[in-house]
Amino acid sequence: MKKQAVLDILREVESGALSADDALTRLKLEPFEDMGFAKVDLHRELRQGVAEVIYGQGKTPEQIAAITGSLIRGGEEVVLITRISSEAAAYVGEKYRINYDPRSKVGIVGEIPEPDGKGTIVVATGGTTDIPVAEEAALTAECLGNKVKRLYDVGVSGIHRLLDHAEDIMTARCIVAVAGMEGALPSVIGGLADCPVIAVPTSVGYGAAFGGVAALLSMLNSCASGLSVVNIDNGFGAGDLASMINHL
Amino acid sequence: MKKQAVLDILREVESGALSADDALTRLKLEPFEDMGFAKVDLHRELRQGVAEVIYGQGKTPEQIAAITGSLIRGGEEVVLITRISSEAAAYVGEKYRINYDPRSKVGIVGEIPEPDGKGTIVVATGGTTDIPVAEEAALTAECLGNKVKRLYDVGVSGIHRLLDHAEDIMTARCIVAVAGMEGALPSVIGGLADCPVIAVPTSVGYGAAFGGVAALLSMLNSCASGLSVVNIDNGFGAGDLASMINHL
Amino acid sequence: MKKQAVLDILREVESGALSADDALTRLKLEPFEDMGFAKVDLHRELRQGVAEVIYGQGKTPEQIAAITGSLIRGGEEVVLITRISSEAAAYVGEKYRINYDPRSKVGIVGEIPEPDGKGTIVVATGGTTDIPVAEEAALTAECLGNKVKRLYDVGVSGIHRLLDHAEDIMTARCIVAVAGMEGALPSVIGGLADCPVIAVPTSVGYGAAFGGVAALLSMLNSCASGLSVVNIDNGFGAGDLASMINHL
Amino acid sequence: MKKQAVLDILREVESGALSADDALTRLKLEPFEDMGFAKVDLHRELRQGVAEVIYGQGKTPEQIAAITGSLIRGGEEVVLITRISSEAAAYVGEKYRINYDPRSKVGIVGEIPEPDGKGTIVVATGGTTDIPVAEEAALTAECLGNKVKRLYDVGVSGIHRLLDHAEDIMTARCIVAVAGMEGALPSVIGGLADCPVIAVPTSVGYGAAFGGVAALLSMLNSCASGLSVVNIDNGFGAGDLASMINHL
Amino acid sequence: MKKQAVLDILREVESGALSADDALTRLKLEPFEDMGFAKVDLHRELRQGVAEVIYGQGKTPEQIAAITGSLIRGGEEVVLITRISSEAAAYVGEKYRINYDPRSKVGIVGEIPEPDGKGTIVVATGGTTDIPVAEEAALTAECLGNKVKRLYDVGVSGIHRLLDHAEDIMTARCIVAVAGMEGALPSVIGGLADCPVIAVPTSVGYGAAFGGVAALLSMLNSCASGLSVVNIDNGFGAGDLASMINHL
Amino acid sequence: MKKQAVLDILREVESGALSADDALTRLKLEPFEDMGFAKVDLHRELRQGVAEVIYGQGKTPEQIAAITGSLIRGGEEVVLITRISSEAAAYVGEKYRINYDPRSKVGIVGEIPEPDGKGTIVVATGGTTDIPVAEEAALTAECLGNKVKRLYDVGVSGIHRLLDHAEDIMTARCIVAVAGMEGALPSVIGGLADCPVIAVPTSVGYGAAFGGVAALLSMLNSCASGLSVVNIDNGFGAGDLASMINHL
Amino acid sequence: MKKQAVLDILREVESGALSADDALTRLKLEPFEDMGFAKVDLHRELRQGVAEVIYGQGKTPEQIAAITGSLIRGGEEVVLITRISSEAAAYVGEKYRINYDPRSKVGIVGEIPEPDGKGTIVVATGGTTDIPVAEEAALTAECLGNKVKRLYDVGVSGIHRLLDHAEDIMTARCIVAVAGMEGALPSVIGGLADCPVIAVPTSVGYGAAFGGVAALLSMLNSCASGLSVVNIDNGFGAGDLASMINHL
Amino acid sequence: MKKQAVLDILREVESGALSADDALTRLKLEPFEDMGFAKVDLHRELRQGVAEVIYGQGKTPEQIAAITGSLIRGGEEVVLITRISSEAAAYVGEKYRINYDPRSKVGIVGEIPEPDGKGTIVVATGGTTDIPVAEEAALTAECLGNKVKRLYDVGVSGIHRLLDHAEDIMTARCIVAVAGMEGALPSVIGGLADCPVIAVPTSVGYGAAFGGVAALLSMLNSCASGLSVVNIDNGFGAGDLASMINHL
């Protein structure tokens, strides 16, 4: 349930006493003025435009189900649960209708909303083993209201597979490029695209891949224009940022 | 001077035989069809929307001056030269009117254009020693047509200095957060903002700063929403990406 | 049971032949003069003011129970057992009344003593996943005679949650700041506080967190005044040092 | 010159309308309430109890002299300048009486104050090459009002040299232990002392010393009670923290 | 001058008493049978098919000139000197006709021989800053009797520049791919070619390039077929191996 | 089944309208001209001369069996499956005759072909624990049509064992040298051989072996002529490259 | 069974035709002259003076038992088996009388021989958790004919425990100093002793211990005279070297 | 001048009241009993059997000359000065007859003593660039009374050069093996020798040599018997330890 103060502000907007913009600013600033607010997570949603997300790792099935229930009762229509085991997803599924993707360990309670972003987000991977991380990004972006185009297994050691999709790349509004091992995919995509490219290194590989460090360093050193990097395997962060950019 | 093929395409647009969108697509795709094009750099500009930039490091004053002249004669109105020594800037200044910032080693030939981006880019630093990298980002963004708000020396070990600027942070369209040493600034800013935050680690510090690695790792591990990272000291890359986002 | 030589010294104090200060000095120096002392651990207690602690990791339940019994019989009123599994705690619990905290894997035999430290120790964490390490620090400090104030989940990407507790931070006598991932919490706290801040990096995180190295480096590079660092996940060491400072 | 608001608070204290403790709290909190304060550095001093310090590295002689002058005119009686070159010290010395220590590159303008700390701070080094960092710590502590006992060149590969000073170690209120190479000194001292030990790794050494990393890791892994670590070569930080502990 | 034993073997071949193959085997094995041979370097040449090379780094101009003279008098027609300064090259040039390339710091005394390899070696670079290392490889290969095709500045963030040269890549017998920063070029080339690709990381770059480590790791993790890696900046090693493959 | 376009090209060759060389070139280039090709893997085979390989790691037994069946039906005579568990091999073995080597986790469906390479490939190991990686290389090379000579357990700390095989080494056309721990074997072999040496570091060892990093660095720093390196434990890559060289 | 050639040499010694010294030299050199020797391990024993050792890790119980049997039948009186699991030891124990130490995972078949070394080897550890590695060293030394004095749990953070044993340290002929975590023990011992000190880092510790790297670096940087280092956890190597020194 | 207490002890020996062995023990133990001794360095000599050594690095010419003078006046016949610049050596040479070796930066005042060690120390290097470190070891050993055999430039990529010296290696009492780059020399020597081998990694090399780390790791991972390692470039430490072993 939403806090009284938030409702008061919204009622002022309803009555015309406050513009929507001013209301948003007041809501954002409130924590610094009022020390007694009750629900940080609600507030965070207002400030950052992100639908409710539960980071499942390290939480028990019971905890995840309880938080999900609390959010649903609070009015959330979609709840995205990342890094949730199949067992926990089954447990949640006993109470709520959940769509679970075992590759990416993403569970979605509720319907994926209609896209309201301004363009298409491309999610591309270098190999098939990068798909779990890519799906975490893609499903995150879809839950946050984006149209997503998946280009999987278009790695640079078979460059024609990537070039076949040059038009998708050139017309995207934001691209999430996921790659392990040598991590070269974002550089090549960055040279073809003229939109922001979010590079996601994955821990795929062995030996001198060092759990994603090789890919991470490769991406940080790219000289392609418009490229930035998130943490190893951080598909959620990339999808969230891509959505933010697509809604600007 | 521009290549004949490019002009032909543009004339087709003028005559109405080709829409602007289709022309842009053809220009982007052309390198794959026509092997004989003469000028890669020009082409890159069309594809990526970036005003002409010269990376000065490792080039002689004579080389920089020659490339500058070629660009000016080719019709460029602003040329941004990064990582150029004061000696090289003086040499270029004998022939062209150059504004040189010795802190960031950025030289600008021509006038900074009127901003045409959609909002304001905030460039923030943790300390005064991070300013050279921040200025590289800020001047890059300004040369690419953006309004820039500088918030310097607002590091997290004096958090009130940052909070004084909460409104700037909350109303920015994109933020470049520059920090060395512990690299915590982007995380704190990312928690306040609801726009993309581009984190730039700097090589400022000593001992276990490891030339920017401590700051880089700190930024990659941030759990703030909408945060991504570029290479250590890569102010240009951050400014370029911020401009790309601000023009979406 | 205490060694005869120690009793002799204490009796000299009782009889007035020796001041308490001189006795303490003699007790500390004794190992260099007398090679035949029997019990190192007892001696260590005298020299360092620390209540008896058993480091449980790598010890069998039987060994832990035996050492506990030996200490209890020797007159100890509180025994703190760190890194003890729930199985081992259950085994010890068959013989002695033990309070076991499964999050921090800390077991306490006997009653937590009344606080005799001079002020309050604040133990703060960046996220909920840092709580096990924080509890190891907090319970250690409590067993050593300190009043502890817990501030959990006040990470820097939601800075208002931390600022709500500014008064606790500003009036503490010593602060233990626990954080994984980007490790920025101690820097921000160090900028608010004017007491020593002991930073504890945790191995929480994934990818470029490198098992706590990112947080460790971030903390070592902080420019906040009065901040020092202990080993990754070393909650006990931080609680012990905080108690030492709080009893000065 | 001090800001009006600060004076107002102090006048309230003078008039009895405000207790000193409450005034201090108000001064600390003020930045969050009043956005227009003029002088961060002054404020920082109030909050953290540190006499004015200038970090000389990266500043020109002119800048250092100007800041020194501003502080002296503002009423500071002692200004500590760290990491200042002999040339810069000579320049400052043309205007102000400066004591310059070329080993530690520390300059002091004004008189070292009478010690007002509660005990003695011991500053110990493993070898003679660690003395510059140790002196930065010792002079910092002296400028901040502490009595300092120096124990130099008492490294662990000649353990008798250290044991000769066992009494100094056992009666100190805080110890700064400085060591490069294998970095074992703080562990041995930590086993003898019952006060906090601040370990400072130095970049002394060659080969696998890795610029202080070997010493840093050694110190982080010590099992001595009461030991914490600051950044490599950070003598100032250690002296500052030692003073803070000695004034508790 | 050549050793008598070697001449004896060759005379046996001339007289028909020994086949060329058997002679080569005897020459290779000889060091294990005869302990008194005088000139290791001569022997090495026979065993490894490499024309005489002087590694100039760390040698004085006088030493380089003396070795060059000794080799010329011993019958060598081409002497390749790597990592020789312009000053040393000038000194050698006083006595012998030397062609010096200041970019790669390679000096060649004598004429580059007619190519006798079986195909063409392609030497490709990602950027212009990689050219010094590439030229060391290309000149080495040419001195060892190979036809070399240079493809410079064909980096992956402008993939069309590389694709323009697809035919050169597909018809090469061996490719040396030189790249710094993200080091992705060899992967892309390896996906196009069906000949061995020797990847050479360069120390070009800054920040997280770590002096070539990022490129090295990227190359080691490539999944392109037929790709192997040499040390950072080791243009000579790559050119030498490419020649060996081209003469198989 | 092969795509119509490929057949058309082959028919042109049959009819004499196209030379085999030109046909191969057209096949290689085709992906850039025709976006509609159906089967990447087939195409890859044409371009790189490699028999069909399945990388088993991360694939289910069902997936491996399905791909194997598809390849067999498509006309492949030998299918090499690397990194396949014994369980998966047993599953595949229910449908197809498979030879499984449990040491190297390599499975081969079909008959190893008659060698058609130009010489012998030597595969050598430093110790017995390196044999799994060496067998992956040796079996790969054999499946690709090469004669392989195995020299196992000839490590450098018993140099006579290696020298006993000097003749094998000196007459090889390509050598794969596999070693963990100190990784010195390839250097010693490279000094004896005059053919390319492909060095494979293995993750064998403990402590400062760092999972193969010690061996990897050792190999990269070798000054032996003709030596290059592949990723840690990458026996397949080494065998594949050796075969490519042996068929040149 | 011993090879005929070895027996022939020994018979020449028996008959007086060959001195023992010359025979030993011939035996050492033989592998370079005679390519047909059958048993490397026998030979190794002659050359290096080490009793037969089986490295158990990675070998099956059956393999270990078979090798043990072969050695016993060949005349060995003591067989030392390192890194053998309790299961494998039980299996071997069904056929041979084995003494198994579960801490160090060392098994000994046969009787430990009477010491024939020239002095005493001290084996010291910093903590109780280092004992497994220390026992591997101590048992190795005992099996190779040395008198061993164990000094366990004498770590440097309780320096008096070490000093109690100063006489043992000062009269040893060789010392093996085993320590994890900060690894300072060998430095302190090296300052007391005037014999060679072999430092063994252990993987004991957590966090920034990095699996023994912190201790390894500490030991490499020691400035104590006569100190050298072996690999992390390499108790066998240290015991073997200590025995070699004790028999000089 | 020697301290009275030391003379007293020696006089007791002269008078027969004390055996030489007991006297040595008393001298060693004295620092723990008597806190007032004056000269640590003298004492150290007695305890560790090392002739006087001055570590020149970081000392001024004046300081080195003064210490040298003090030692000579105190009765030293040979003073070994390591890491002394040619300028400092010239300065010392004005007052004392010094032999200076510019390669190793070693200066020797006085005559190298007659060897009194029990055998020969072999000092071997992999390449000519390792000679400076090797000479530091060799000259140290000679100054400490050892016969030294130098085997330079016998690296493993030309194994016959090493095998030519097999007899020197097999008859040595101790071997110092110096190598940079891949660091394989000690392993190969360790396999031939049956005496202790002290491995010295050097910082020679470039790229992935990482300033000696590659060689260091290689040496730590050697499985040769009797091998231990000292710090990178630590020729003095190796020569000192070799002498200690040669005098046992």
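As written, the chains take the letters A, B, C, D, E, F, G and H, and residue 1 is the first residue of each chain.
The rule is short, and it goes like this: a contact is a pair of C-beta atoms (placed from the backbone, for glycine too) under 8 Å apart; a residue touches a chain by one contact, two chains touch by 3 or more.
Everything numeric here is computed off the predicted structure, so don't read it as measured data.
**Q** What's the minimum number of touch steps needed to get from chain D to chain E?
**A** The least step count works out to 2.
**Q** Could you let me know which interface, E-H or F-H, is made of more C-beta pairs in contact?
**A** Answer to which pair has more contacts is F-H.
**Q** How far is the middle of chain D from the middle of chain H, if each middle is the mean of its Cα atoms, in Å?
**A** Spacing between the chain centres: roughly 39 Å.
**Q** For chain C and chain D, what's the span in angstrom between their mean Cα positions?
**A** The answer is 26 Å.
**Q** Could you state the distance in Å from the CA-based centre of chain C to that of chain E?
**A** 61
**Q** Scan chain B for residues touching two or more other chains and write them down.
**A** Those would be 32, 158, 163, 192, 207-209, 213, 216, 220-221, 225, 231-232.
**Q** Could you list each pair of chains that touch, in label order?
**A** Those chain pairs satisfying the definition are A-B, A-C, A-E, A-F, B-C, B-D, B-E, C-D, C-G, D-G, D-H, E-F, E-H, F-G, F-H, G-H.
**Q** Where on chain C does chain B make contact in their complex?
**A** 127, 155-159, 163, 180-184, 187-188, 190-192, 205, 207-210, 213-215, 217-225
**Q** With touch defined as at the start, can you tell me which chain B residues reach chain D in the complex?
**A** It is residues 129, 158, 160-161, 163-164, 206-209 of chain B that touch chain D.
**Q** In the complex, go through chain G and note every residue touching chain H.
**A** 25, 28-29, 32, 47-50, 118, 163, 166-167, 170-171, 173, 192, 194-196, 198, 216, 220-221, 225-232, 237-238, 240-241, 244-245, 248
**Q** Report the residues of chain G in contact with chain F in the complex, numbered from low to high.
**A** On the chain G side, the touching residues are 31-32, 35, 40, 44, 58, 201, 203, 211-213, 216, 231-234.
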